[in-house]
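What follows is a pair of complexes built around subunit A, which joins subunit B in one and subunit C in the other.
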Partner chain A sequence: MNTPAVPELSEKERPPQVHRRRYRWGRNAVVAWLTAVLLGAFLLDIPRINILEHTARNLYFHVPMWFTMMAAFVVAAYHAGGFLRSGRLARDTRAFEAARVGTLFGLVGLVTGMVWARFTWYRGTGLWWNFDPKQTMAAVQLLIFGAYFVLRSALEGQPEKRGRISGVYLLFAVAVMPFLLYVLPRQMESLHPGAEGNPAFSDITAPIMRVVFYPSVIGFIGLFWVLYTQRVRAAALEMRARLRDSAFRG
Partner chain B sequence: MTVHILLPQQQADTSAGASTAYDSVWAGGDEANASAQPPASQQKGNALEQTMLSHDKLYVVLAVVLLVWLGVVALLVRTDRRLSALEHRLDDTS
Partner chain C sequence: MNWIAGAWAVFRKDLQLELRSRYALSTLLLFVLSTTLVVLFAAALGLGRAFVREEERGTVLLLRLHTRPSMVYAGKLLFNVLLIGVLTMVTAAAFGLLLGLPVGAPGLLATVLALGALGLAGATTLLAALIARASTGGGALLTVLLFPLLAPLLVSVVSATQEALAGASFAAAGEELLTLVGFAGVTITASVLLFDYVWEE
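What follows is the complex of A and B.
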């Protein structure tokens, strides 16, 4: 069904392929799943916690953003490694699209964290940002990922070189992730749960909240998969259109 | 045309003292009132209103979030349709 634009197209130049029916089923499942998560997030009664009150429900939305970002960059690193090994441009395309959607989730995680902190940690102070180690390290991590896109745009028009250099960079950027997001913030005085002197998720989360939280993490990682696959499809179309143009011209 | 008559405003809750700038105090803000029923003025409405106004009007937020989510999903599906159409076109011509 997916006949390549040019018959003698090499393995390395072939656009990424998406199983369309599997994608459609997956997308519908993710939509239904996340709708159920939203209902559970608002309809289930949660224990009343001082200071947090209803904002405790942010656990269902803010935290999965970061889990999703981490999953997205693990996928991106997997495909970056795959490109370095095989030289297939389809793998580079997948790495790039996964990184792009992952960055979106990271940015949303950072901003939602700021809003949450403003009205709990910094209530009464008017502060939106106070260089809390957890937030600062997360912002640094996003800047490190941001450099990946800058690097790629600097190598525009040289797909082989761009894939190789940015792929190596991405592997290092992802290797740093657990340290910036987990190890360092826990060594410092942070208001974020899980930091020194603060109870972690396992200590403060009521069982009823776990019923929504874990499905929410799965659902948002599913949403990442949908958005990422959609972008891969669009990128594949662009590659095919470009190949067709050059075939007509050549 | 329906004429909406302005209901008389609930008397300002001054129990919180003069320090507050608001004319009423959120019941949920007070630990002691956490499980209290909504004020009498809110119990008069129909069943829908009673449901939506309970739990500190949390269900209104749910309704808004669901509408936003449905909008995003509609966009997602329409983009998928567009991609499918383009894929079919390239499949046929190349």
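What follows is the complex of A and C.
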């Protein structure tokens, strides 16, 4: 009995090979780094400020989420552009997975922000959401990225076309990101630090907070990298499995 | 065919088609008597047609053969700017008359509306092309893609218009004007760079 030749993904679809051991080292480094950040975030002493109290520690989580989301979408836009130029479907997969993980970070950023606002800005009012400009704009930005997934699902089954059209939309969406996250919130009155007359880091920010904050940003971007690369590998495996499946069934 | 002549030909073609059928315009004019949002909704309805029409009539191939993509984009953009410009003027005039609004700074108001129309047309033209490629008659899809993208434009236009009505100087509304210029610049630049990928098969 002769078995059919095992089909392989074409050059266009195959992701580049990774050095397994180096990859594991990188992943473990991220895990160790984030563990240290978490310990520092909860154990190091911070000055108590009225109302803010211990919620100030949310700075280590809430803000890096947005930095990570922006980094993720820059990666996604880079690969979307790469797909448009090269037509390699692996690049489109990368853009999609980066956007997906990036959106997840954005959602976590939104939720951590809502909880934080509920117990500081809106303390005593019971409000969860009061259309603070920066919050609202961030939510709009997430809607824009959400539309990217809607667009992709409308083009299911035509991978080349889907990659091209959604890639163009993604690049467009990333181009307006600075307006929504930086330009507009700074022109409007907002409780958010970083708005008019309210610097992101001020004199009352204790130096110790920077010691945890910057490593936290790096750590969460590292976490994005791990999740994203795992998703890309899983997607490639899935494609290969589907290919073999159909080949063996004839 | 040189570039300007090509873009101009696409623009004239769309204009003539419109004058013959009056589809977009008659849809648009129905909506004229309400708020700034109206311009937005009407624009989504009318401008979405720009590329769907080509697909429906099967004229995409001809355009693709005879013109370069950037000519098509420029022509369509010009047509859309005109359409939104007319619509904005009619809406603004109607509001001015009906509500008796005293306009503090007419020059500033005109500038704001012109920049707003440019940004709106810039973003909508590319998305209309995307939608036409994605599916025929994807009106719902266009609104999902378009409205959140236009949020920054809407916010800036509204606050700048408020200042213009209150009679602010150009310097006082500088921030909003810069944002509008930036938005129109970014969307049109991105569209010019990306249009080739949408247009070519």
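Assume the second predicted complex is superposed on the first by the 225 of 250 C-alpha atoms of A that agree within 3 Å, B and C clash if a C-alpha of one lies under 4 Å from a C-alpha of the other, contacts with A are read in each partner's own complex, and residues count from 1 in each chain.
FYI, a contact is a pair of C-beta atoms (placed from the backbone, for glycine too) under 8 Å apart; a residue touches a chain by one contact, two chains touch by 3 or more.
Quick caveat: nothing in here was measured; it's all calculated off a predicted structure.
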| item | value |
| --- | --- |
| A:Val111 touches, of subunit B and subunit C: first, second, both or neither? | neither |
| First, second, both or neither for A:Leu155, with subunit B first and subunit C second | second |
| Touched partner set for A:Leu34, first subunit B, second subunit C, both or neither | first |
| First (subunit B), second (subunit C), both or neither touched by A:Val74 | neither |
| Partner chain in contact with A:Ile208 - subunit B first, subunit C second, else both or neither | neither |
| Which superposed partner A:Leu127 touches (first subunit B, second subunit C, both, neither) | neither |
| Partner chain(s) touched by A:Leu44 [first = subunit B, second = subunit C, both, neither] | neither |
| Intersection of the subunit A residues that touch subunit B with those that touch subunit C | none |
| Complex interface listing, subunit A residues touching subunit C | 84, 137, 140-141, 143-144, 147, 150-151, 154-155, 161, 164-165, 167-169, 171-173, 175-176, 179-180, 183-184, 187-188 |
| Subunit B contact footprint on subunit A (complex, rising order) | 1-5, 20, 23-24, 27, 31, 34-35, 38-39, 42-43, 48, 53-54, 226-227, 230, 233-234, 237, 240-241, 244 |
| Partner subunit A, residues of subunit B touching it in the complex | 28, 31, 34, 56, 58-59, 61-62, 65-66, 69, 73, 76-77, 79-80, 83-84, 86-87, 90-91, 93-94 |
| Subunit A-touching residues of subunit C, taken from the complex the two chains share | 123, 126-127, 130, 133-135, 138, 141, 144-145, 148-149, 151-152, 155-156, 159, 175-176, 179, 182-183, 186-187, 190-191, 194, 197-198 |
